[in-house]
Structure formats: structure tokens, C-alpha cells
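Think of it as A, B, C and D in the order they're written, each chain with its own count starting at 1.
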Amino acid sequence: MTDTNTTRRDVLKGAGGLGAAGLTGLAGCTGGGGGEGGGSVEVLHGWTGGDGETAADALTEAFNEEYPDTGLDMNPIGGGGNENLDAVVANRLQNDDPPSTFANWPGPNLARYEGVLGDVSDLWEEAGFTDSHVQEAVDLHQYDGTFRAVPLGSHRLNCLFYNTSVVEEAGVDPDSLDSVSALVDALETVSTETDAVPMTHGASGTWTTTQLFGVTLLGTAGYDGYMNFVEGSPSRDDVQAAFESLATIFESYINDDAASIGLTESNQNIIDGNAAFIHQGNWAAGAYRNAEDFEYESDWGFKAFPGTEGMYTLHFDSFLFPANNPTPENTRTWLEFVGGEAAQVAFNQYKGSIPTRTDVDMSEFGPFLQETAEDFADADRRPPNIQHGLGITADQRSSLNDVISGEFSGPYDVEAATDGFVDAVSS
Amino acid sequence: MREFLSTARSRLRRAAGRDAGSDGDAERADGDGDSALATDGGTAEAGADVAPAGGTDGLLDRLDDRFGEDFTESAPFWLPPFLLVGLFVYGAIAWNFVISLTEYKGFVGPDYSDLDLDMYVRAVGDSAVIDATVNTFVLVVAFTIVALVIGMLLAILVDQKIRFENTFRTIYLLPMSLSFVVTAQFWLWMYNFNNGVVNIALGAFGIGPVDWIGNPQIVLWAVVFALVWQFSGYTMVVYLAGLRAIPTEHYEAAKVDGASTAKMYWRVIVPQLKGSTISAAIVLMVFALKAFDFLYSLVSGYRPPNGADILATKMVREAYSTNNWAYASAIAIVLFLMALSIIGPYLYYEYDKGNL
Amino acid sequence: MAQLELDAVRKVFTDDDGSDIVAVDDVTVDIEDGEFLVLVGPSGCGKSTTLRMVAGLETASGGDIRLGGRSIVGQKPQDRDIAMVFQSYALYPHMTSRENMSFGLEESTDMTDEEIDERVQNAAELLDIPELLDRKPAELSGGQQQRVALGRAIVRDPEVFLMDEPLSNLDAKLRSQMRTELQRIQEDLDTTTVYVTHDQTEAMTMGDRIAVLDGGELQQAGTPLECYHRPANRFVAGFIGEPSMNFFDATVRGDRLVADRFEYGLREAAVNDVAGAEGVTLGIRPEDVEVTPGTEPADDNEFATVVDVVEPMGNENAVYLGFGADPTDPFVATVGGMRRVEAGQRVIARFPPDAIHLFDATTGEALHSRSLEDADPAEPRI
Amino acid sequence: MSDATVDDADATGRTERLGDRLRAELEALDAARVGVYAALFALTAFYLTPIESGLVSAFKTNPAGISSTLPFAPPPLRFFTLEKWRTAITALGRGMVNSALYAVPATIVSALLGSFAAYGLTQADWRARYKAPVLAMLVAGIFIPYQAVLVPLSQFWGAIPLRQLLTPLWVLGVPSAYTGIVELTITHVAYGIPICMVLFRSYYRNLSEEMVEAARLDGATFRRVYRRIVFPVSTPMFAVVLIYQFTQIWNDLLFALILVSTESSPAAPVVLILAGLGESMEGQDFALRMAGAFVAALPTLIVYIMFGEEFADGVAT
């Protein structure tokens, strides 16, 4: 089996070389062969629009500047969240035609790629990543004790954003909200005092709800209760309490069209002043930055999701290293670059995320991200998220989303959803 | 006349390269001439006479003896397509079944040495699969029935000797030429919560707005409605052909018997459309099973709107989103069995009618 | 040219439920070289199946078919050097008449295009259709299509022509015209021909010999007049002739036949022929019944009858007669078209003793045929 | 002069006749007739509304035009734009080429093979009890849900070194993603055969049996009979099958999704690109979606409008 693989790859490589020699500039075959393990590094990622695209462009530029001799073939695959990207990766891995590297999440998420990821422990060692990155990154990029990927940046997930003028109109002080029940009270106040939607939600996909469940559980059950859930021994009462809070919010305080809109439209409600609060990862701030006349603190604000103060729900954007790599040496070059300061600064400032390195000068970042980086550094706890791969496996995540789809998308069956969630993660 | 004919015959013979001789001579000459003429026949005859033992000819003859005269001669026509279909359809289904018995997931090839029914056990206990099965059933049945009824009404209306019949027919069948993907775009916009035609139209009557796609209780029916829009024209065409096949005398006889128009259709015409109904229903059910394309396009992703997950979408999601190949294969087998429960009786019905 | 022999040919179809249906049973006919044989019989009698077995379109279940002394059973149709004219003509709709006629030569010979062209041209002239050669079948009338179909068979110059009711799709006038023409062409080409029809006029007028089939079995093979005047059995007697022969069941009492309604005196020759038979069927052709006005029968070959219905047919009248006053079960007599006969009229019907046929009532086999004083049945003169 | 008079008389005669006919028709319009036409027009509105609403929306600006006008109203001038069409054509253009690259050959080959199979299974004389299962399997092939074969199909195409076999193409500069187009072609051929076979079969069963027999007696072999008689005679059916099959293949998403995977691929067919069009980080762009829908539907719409009868024949069988 390995033999045929090698053959096919060799042929492809040959074809690529020929293509490069004769017909440079044609997709898929371009790039200058750079000696052993050479050929362009083919990078699959899903940043095809908006700030993601800008960030990816910045990343490409930075790479070409630093490694002008190494070919880079950025292959963005958009659509459906990261679904299409994942499908393409899956297809190519299954056909034994892996790309050089692809963007994905580390942590238990790596389990789905069991058997097809290569070892980059030596790289971590040589580049000193184990020292320069936060401990969680060091832990979560290993699978079976060896490093499989390199992080590029981190988003924060336990965020609550608000439209300043709406909360002021309602007379709510967001910073005073320190528990989920306080949040619910504040939503009630917004609902009675203003015409705005208290909390905007875009549930056309299930992932936003699963993600909201994550922070709600963290907010109600605390770090330990949350970690029990993530680690496979959930307390049914904790889960139920979280769902009850969610049900209260969904039944009374979200927008009418929540079920048919996505994150983008939902977030637009904050920008337009149609809604008071939204929970999202901090990528939501990218849209605020791009909106005209919508400034941090004067127009929109941020606080940690009520009850999760002092914590930073962790997320990583990383590049995974497939075994049978078509360009092993150049891929390593790419990964070393990704984990370095230049790449992390270039990418994250546009993406709205923060570096995973602890030694990065944040001066080029905006005030919001600087604040986020401080929170990150100061956080007491950095629990892994559940919807974006760090806390649970892909299978479990899929089961959770099935449960949300089946039991918790209106009407909200707290009992059934609780049972479903507990079953899904219990080991 | 006779002279003319005999000269004609002589000319014919000359054309065939023979001398015109006396009748007797001509007759004798016939034998040679004919074998020279029918070269193919001659060779085949010789072959048959010698009856070679064992050779390919013998094998082919034996095959023909067993399966029928033209078996080997027609094989080049039906065998390649049959093998292609056999490999890609039936071979694939068999392989799919074997995969469903493994534990295959992720990217390390299936282990065929350890086969069991675990995936089926898991499917039976998976509430998402059960929901999807129920949704599939509801979708198939509701869609088929509604499309049949609407299609029949359309056909009867169009069959009223109306003017511009072709134009009406063309319009009603138009959506059928669109792909599921295109239809999904149109109906996503039709069902838009804030500014879709449906909600605006209902709003005129003080109803709504209704969250057609977002409400899990409604979305399946909204999907059915959109699919009916797309395919009722197809049913119309099938029924129209059926109606046109009924002799006018039947209408006239019913009229003479004093039946009202409604009675006439209900008692005389509709019962004669049984064949059309069966063939249309089968095709509609198959379309319904293919609703994957539509649901995928609604959300541009593997997870359809809540409440609209069917086996087709669940299977593809399990396979290509979470890479649970074996589990997806097991779901595919369930779906296949559902399809089989529809087509099995249909094929038997066709066989019974002598159409197979 | 060659002799075609059918030797105990059988065809058995297996029904859906597994039961066997015998379509053709032990048919044996020898068709002489150049002979025109008409296979005739009611529909479903197996005549078409027999023809198709000769063509190779059906496989014989038993027996042998020999062409020029060589068995052709097991050969594919295209290898038999046989041409067939179909009822529907079966012209290739996308080809011109010329292409239709060339097709067989192109497929079965290695003649050059020029040779083929010449043959087609000759055949077209023979059939008087050269001007139709570049038209497609859809642009031809039924009669013209028929000629093209014929031409397609002729150009092949085959061992045997097979014709399956080739005239049945033509209107009456064209049909009789084509009948004559076909006969002439066959006579001239002198090709062995098997012609299937259910139309007994065609059978009588066209064939050198006719073979009458019923229920898959050969009833009689002989010249048309033989079959007409010396039918081998009651079926042939009834099938050949229009209107059909009249039949009366009777028993033999010495030199008399006793039927339900009448008694009939037999001549000596007839008495000898029926010796030993108990039940017989008396047959008499309508044209042999002599009808004279009157009420009193002169002898035991005459009967008092009443005219029930008269069907005028121009040249003759079919007169339905009932015995006595009873109009049920009438029998038919034909009388000259100029004679005036009216329903209800009382007439004397005479069955001339030399014109009667007698058949065994159980087997239907002919026991006695009419005498032919002025004609030798073996050498019919028309 | 006299001619002119005649013409005039003719003209008046014609008008009168037309008037008479109209009057007669109006008189014939009783309540039931009115009801029938009312229903027909209401249904016309039902079938055309989604298309009309999509068409007008495709000319509107997003989000301003889309959200501030009625969805079925034509765009007022200030919201009118052709930009969405431009974007859609740019986005879908390569997809149209890709779709055609497999839809056209797959249509032709599956129609041919379907015709072969139908001929071999209708006109050939071999035992029904052996023929029936072959037929049944081919007919049942129409109704198999694609899901039942997807996983093995991925496995199969993954195991076949197709990319290796097609190396000459890549050397010529064709992106290697076009392997997916070849896979799609072969897959669609295999899955298209059953329906093509059934369509041809119903046609061949009605062919004159005597015509085929005549050809065989004329000395043509089974193969020659197809080549010279059956194939030319089935031209009308080929029109029907090609049109139907082209629409089906062009419109199918699932195989394209599985074998090409992503609209980002250079080989992405039009349906795949359309499925993800107008949905991005900036939100749903319905105007773009509608423009894209029309662009993607264009080939099948053209086929439908030009060959409506054949299309109807195809679906009715």
C-alpha cells in the first residue's frame, strides 16, 4: 500500500515539476521545486472572505518575504463554516493524496485524523515552541504523546458583546453582570425598557447554540463542572441547569428570526442597534472593526460571559501535518514560520485573534485585541472550548449538534437535551 | 409482358455475374452462383457442418443453446452496460454493505477481518437516525401524495380543451428543468423571514410572519411544498398522457349516462389512471429520496435546517463531515432498504404485467 | 433454385404457466423447385409459424427443414439465403427505396456498388417502380410500398421467397391487381415460393399447390382444384369455397341417408364408399344445389323448401333455404344473379347425387367425393 | 383596381369572421369555463412567482434594494444594478465550463450505452427467464438512492490510480483537480445507463418487429442491424434521451460534492459553486444568489424552452 502511494506521489511531484518548468502559473502545478521534499507547500485553509481572507493574505505575504525561495500554494476552501474544508481534507486523506498542511483545530479533534498525521515533535524542539507558546498550546497540539500540529493564533470564546447605546438606553451596566442569572435579569430589563432584541442569536446552524451552551455551562457550573463535562463525567444537574437558562433566554429574549439566520446577520443586529447583547467568539469583533462609525467602547463593548470572569475559553487555529507528506521539508519550513512571531503578528491582527506565543509584541494590534491578550495572559483558567475541537472529539461534537438539532431548536426540551448531552460525552 | 419479364430476368442474372442460358443450365448454375453470393452464409454453414469440438465456436453455441439464440450475438450490446451498472451500482451496494459491517472510521482503511452488526445496533439506538427515518418517511409520503393530487388536478384542468394549452403546460413543467440547487435558492428567498414572498403574501391576510426554514415543526412541510412546486408539473405530464390514452367514448358514455363532470372524473376517469399513478408515484418517491441536493443547498452545508434532517442528509454528513464511514454505510443500507421496499413491489408489478 | 422440404416440423411454445402449446404439429410438405405453394388456414392455425421456421425467425422444436437437400435447421436467418416479404412490408423508414433494396445485397454479398445498382435498377424496372427509387417509404402509397418490399426480396435472387400475407394491407382492387402481378413475377423468376394467407381466393388463384393447415396440423396439400373438389376431410371442404359447403349429419341406412329433416337416396358408388360407416356428414356446395320453383319433390334427391333470406350478390344470389316451413338452420344455395327468388317462396332444392361429398361423422375424413365427369382433378384446367 | 376591391372584400370578410369567432367563443364561455381559466391563471402565478421574484431580485442592490423593496417588485432605478449578474457570471463561469466538460460526454456515452443495452435486451431473442433478471437489475438501477453507493464510490476512486493514468493531461497544464471531472463522467455514465436503457427500451419495443426480421433475413448480423437500421431509426428517441439525461447530469449535486468536494476546486461544477454562492462572512446576498441561480439554470432552461416537447416526452416515460 505504501509503495503505491509513494509511486503516485512521485508521479504527481514529477508532474508538478514538469508543469512548473513548462507552464508556470497554472493552478495546482505551480511553484519552484526546492530540492529534497521540495515543491510548493500546499496549504488548505478556509479563510475565504472578510477579515479571514485579509489575514490569510497577510500571512502569505509574510511568508513570501521570509522564505522567497519556498513555493507556497495557498488553497482556500470556503463555505459552510469549515465544513467544505474538512470535506476536502477528508477526501484527500482518504484518497491518500494529502496536502502539505491544512488548517484545523488541535486537541481531541486530532483523534479524527488518527493514523494520517505525521510527527513534528522535532520541529517543536528545534524551534523552541515548547517554551515560547502557552502551556495549553503545548499540551493540545500533541496526540499520543507526539506533536502533530503548530498553532497560528487563538480566539477567545467566552465573550459577550453589546451595543453600548442600547444597554445604556435600557439602563443596564454590563460590567455588573457576573452570573448567568444576572444576565437573564438584564435581558428582561432590555426587553421591557427598549424595543431592541435583548440577545441576538443566529441559529441557522446548530453550532452557535452548542457554543452558547458551552459558555452557559461554564458560567453556571464553573470551571470544575465544565471540565467534568469535557472530560467525560458530566453532572446531569449542571447540564440541566445550563439548558434551563438557555431555554429561558431562547424562549423570551432572542430575535424572532433566530432560527433562520446565521452569525453574520445576527451580529448585524448589534451593529445596527437592533439588539443589546450577543454571545460569540471574539471573531465577531472583526465585523465591528469593519463597520463604519462603530468604535470599541463608544459604540460596542465587550465583557467576559457572565460567570466566566477570569477565564479564557480557549480556541486555536492550527496547521496540521499530514503523514505521507508530499513536501515534508518545505512543510516544516511553513510550520516553523506559522509558529513564529512574524506569522502570528501578520495573521492575528487582521483575523481578530491573538498570538499563541507568549513573547509577542502586541503594539501592532488594536486596543480590543491588546486587552484580549492581557486577559489571556492573566487568565486564572483557560478551559478548552467544546464546539471548536479543543475539549471533545469530532464525534462527540457531532452528537451534541444532533441533540441540539433534534431537541433544542424550538420547542426547547430541556430534559431530552440534557439526556442527549450527558450521553454524548459520557465515557 | 412475358418477353419483357424474361429479358428482365436475364438482365438480373447477368448482373449477378451469370450467363443467361437455358432454364436447365441456369438451374444448375444456381448452386455455384449462390454459394458464391452468400459468402457469409457459406462460411457459417461450413462451420456448423464441421461442428468444431471444444473451440470458442463450440462454447458460444453451447451458450446459445442454453440461453437462447441471440445470446452471444447480442452480448456485446447489453453486457458492457450491464457490467458497468453491475459494478458501479450493485457491486458498490454489496461493498457498502460489507463496509457497514466493519468499524471503519477516519482515514485508516477499513478492517475487513472483523465484521459485525455493531453499526446497525448503533443506528437503531441513535435518536438522530430515528428522527431522520421518520422525516424521510413523512417527506416521501407527503410529497408523493400532494404532488400526485396537484398533478392530477393540473392534468384535468389542462385537458379541458383550453386555448394556449402548450403555454400552460410549459409553465407548469418549467420548474422540473431546474436543479434542486436552483430551486433551493428560489425558495430560500421565497421563505425569507423578513422579506420573502410567502410571508408578505400571508401578511396581507394578517398571518405571520412565519419562520418557514427556522421552525423545526414547519420546515419539513415547507420543503415538501417547494418540492411539490418543482415536481407537480411532472405528475401533470404523466397524468396528461394517461388521460389522453383514455378513449373519448368513455367521457361521452359517462355524459350520456347522466354523470356530472365531477362524478365522471371520480368514477370513470380517475380509476383508469392507476397505471399513471403508480409510475408517477415511483418516480416521485425517488425524487424525494434525492432531496439531499435541495437540503444541502438550503444551508450550503451538510446539516440541514433543524427538523429537516433525512436519512440521505444524515448519511452524507456521517460519511463526509465526521468520517464515520461504516456508520454512514449502515445508514445508507437502511435508506436502500426503504427504496427497495418501494421498487421491489413495483418491479414485481411490472413483471406481472409482462413489462420485464 | 432449390427444393424445400419440411419434414415432420414441430413448434411447441411454452406458456407462462409452463404448459406447452403445440403451434405446429408434424407438418410434412415437399415444395418442388420453382413451385408456388400457398399455406392457407384460419388465423392461429400455425401457418405463419411454419413460415417463420423456414425463415429461421423461429426455432423448430422438432423435425427437419431442408433446402436443396441440406438441412437448414440451426442456421441463422441471415445465413439461409431466403427472402421474405412481410405483411407490414417492414421497409426501413430512414432509407430510400433504392437503399431498402440495396441493403440485403450490401449485407449478404460482396458485390460492388455498381453491380448492386444494376440489380436494383433491373428489379425496379421489373416492378415498374424506377421513378420511386429515391423516395422514402413514408412518401409511398401502400401499393408502392408493397412493390418496394417485393423488389427488396427479388434483388436478392434467393433460393426461396417467403411471403407472409403480403397483400392483406391493400384495398380490394389493388389486391387483385397485385395478385396477378405477383403470380406472373413468380412464374417468370421461377423461384420456389411459400405464400401464407388466410384468404382462400388468394390460395385458389395463386398457388400451384395449396397446403391447408388447421390446429397446427396439415390437413391437405394439393392443387387448388384438388382441394376444392376432392377435399381430404370435412375441414378442408368447409374452409375452401365461398359460401361454404353445406353439411348435414346423417346416418346410413342401406342405400339411404337419414337426416333430421330429410332422407336422401345414395347412388351405388357412394353406397360402396360409406360401407361400414355409421354416421356420416353429407356435404354439398351451394353452387351444386339446384333450385327450381315448385312444391312437390320428384325423387329422394329433391326436397320441398322455403326461401328464408336472399342475399343478392350481383352475379349470383345466395339463397338461404329451410326445410318444410321451418326456417331454422337454413342451408345455402347459389343461383344465377338474374333469377328472381323471393323470401317465403316455396322451391324445390335438388342435391345432385354426383355432386355430393360424404365424410365420416367422427373423424371428418372424406369417404366419398363428387364425381368430375369433365375434369381430371390431377390436371386441373381453368 | 379590381384586384384591390377583391382584397378589400376579403379583408372585411376576414374581420367579420374573426369577430364572429370571438363572439361565438365568448358565448361559449360559461361559468365553468371561466372557473377553469381562473384556476389556470392562478396556477400560472403559483409556478412563476418564485422565478419572477428571483429574477427581479437579481437586479437589486444588496442589502439596501433587497430589504427595502417588495421581493416580487421590479427594482426601482436607485436600487437597480447589474453587478450581481457580473459577479455571478464571474463566479460561475468556470463552473459552467466544468459542468459541460462532464455533462456532455457523460450524456452522450450513457445514451449510447443505454441504447445498446435496450437493443440487446428487446430485439435479441434469448430466453426470457435469463433476460428478466438482467432487465430487472438495470431497471432497478434507476431507483437506487446514490447514498447507498457513496462510500464505496469514494473508496473505489481513491483506490484507482486515475490521477497517475491521466498524467499526460497534467503535463499539458490541466490542473490535477480535473481528475474529479473524469471520475464524474464515468460515474454519471454508469448511473445514467439504467434510465437511458428504459427510455430506449420502451421505444424499441414499439419498433416494427418485422422490420428487424427483414433486416436479418437480408443478411445483416445483429450488430449490423443496430448500426444500419435501429440506430438511425431511433434518432427521435436519442433527442429525448440526450435532453433528459443532460438536464439530470447538469443538475446533480451529490456526485459533484463527493467527487470534487469544493467550490474552491478549479474543477468545481456549476451546481457546487452555486450551492455556496451568496453566503459569506458578509451575510446572505440574495440578489447574488438569484443571479447565480439563473446563470446556473441557463443551459437547462435553454434546452427546456427549445425542446419542451422532447423534455416532456422524456419525463413522461
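The criterion applied here is as follows: contacts are C-beta pairs under 8 Å (C-beta built on N, C-alpha and C of every residue); 3 or more make two chains touch, one makes a residue touch a chain.
Remember, predicted model here, so these are calculated numbers, not experimental data.
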Among all other chains, pick the one whose mean CA position is farthest from the mean CA position of chain D.
C
Need the central chain here, defined by C-alpha centroid distance to the all-chain C-alpha centroid.
B
Comparison of A-D and B-D (more C-beta pairs in contact)
B-D
Express in whole angstrom the distance between the two chain centres, defined as the mean CA positions of chain A and chain C.
93
Length of the line joining the C-alpha centres of chain B and chain C, rounded to whole Å
49
Just how far, in Å, is the C-alpha centre of chain D from the one of chain B?
15
Per the C-alpha centroid definition, the whole-Å distance linking chain A and chain D comes out as 41
Give the residues of chain C touching no fewer than two other chains, as numbers and ranges.
76, 78, 80, 108-109
Scan chain D for residues touching two or more other chains and write them down.
154-155, 219, 221, 257-258, 275-276, 279
Touching two or more other chains, which residues of chain A qualify?
79-80, 87, 91, 94
Of all residues in chain B, which touch chain D in the complex?
38, 40-41, 64, 67-71, 73-82, 84-93, 95-96, 99, 110, 154, 157-158, 160, 162, 166, 168-190, 192, 194-197, 200, 229, 233-234, 237-238, 240-241, 261, 282, 286, 289-290, 292-293, 296-297, 300, 311-312, 315-316, 319-320, 325, 328-329, 331-333, 335-336, 339, 342-343, 346-347, 350-351, 356
Can you check the complex and tell me which residues of chain C touch chain D?
55-57, 76-78, 80, 82-84, 86-88, 90-94, 103-104, 107-109, 152, 156
Chain A residues within the chain B interface of the complex:
1, 79-81, 83, 86-87, 90-91, 93-94, 112-116, 203-206, 256-261, 394-395, 398-399, 401-406, 409-410, 420
Flag every residue of chain D that touches chain A in the complex, lowest number first.
154-155, 157-158, 161, 163-164, 167, 170-173, 175-177, 257-258, 261-266, 275-276, 279-284
If we count contacts the way the header does, which residues on chain D are in touch with chain B in the complex?
32, 36-37, 39-40, 43-44, 46-51, 53-54, 57, 66-67, 70-72, 113-114, 116-117, 119-121, 123-127, 130-132, 134-156, 187, 189-191, 193-194, 197, 219, 221-223, 226, 247, 250-254, 257-258, 271, 274-276, 278-279, 286, 289-290, 292-293, 296-297, 300-301, 303-305, 308, 311-312, 315-316
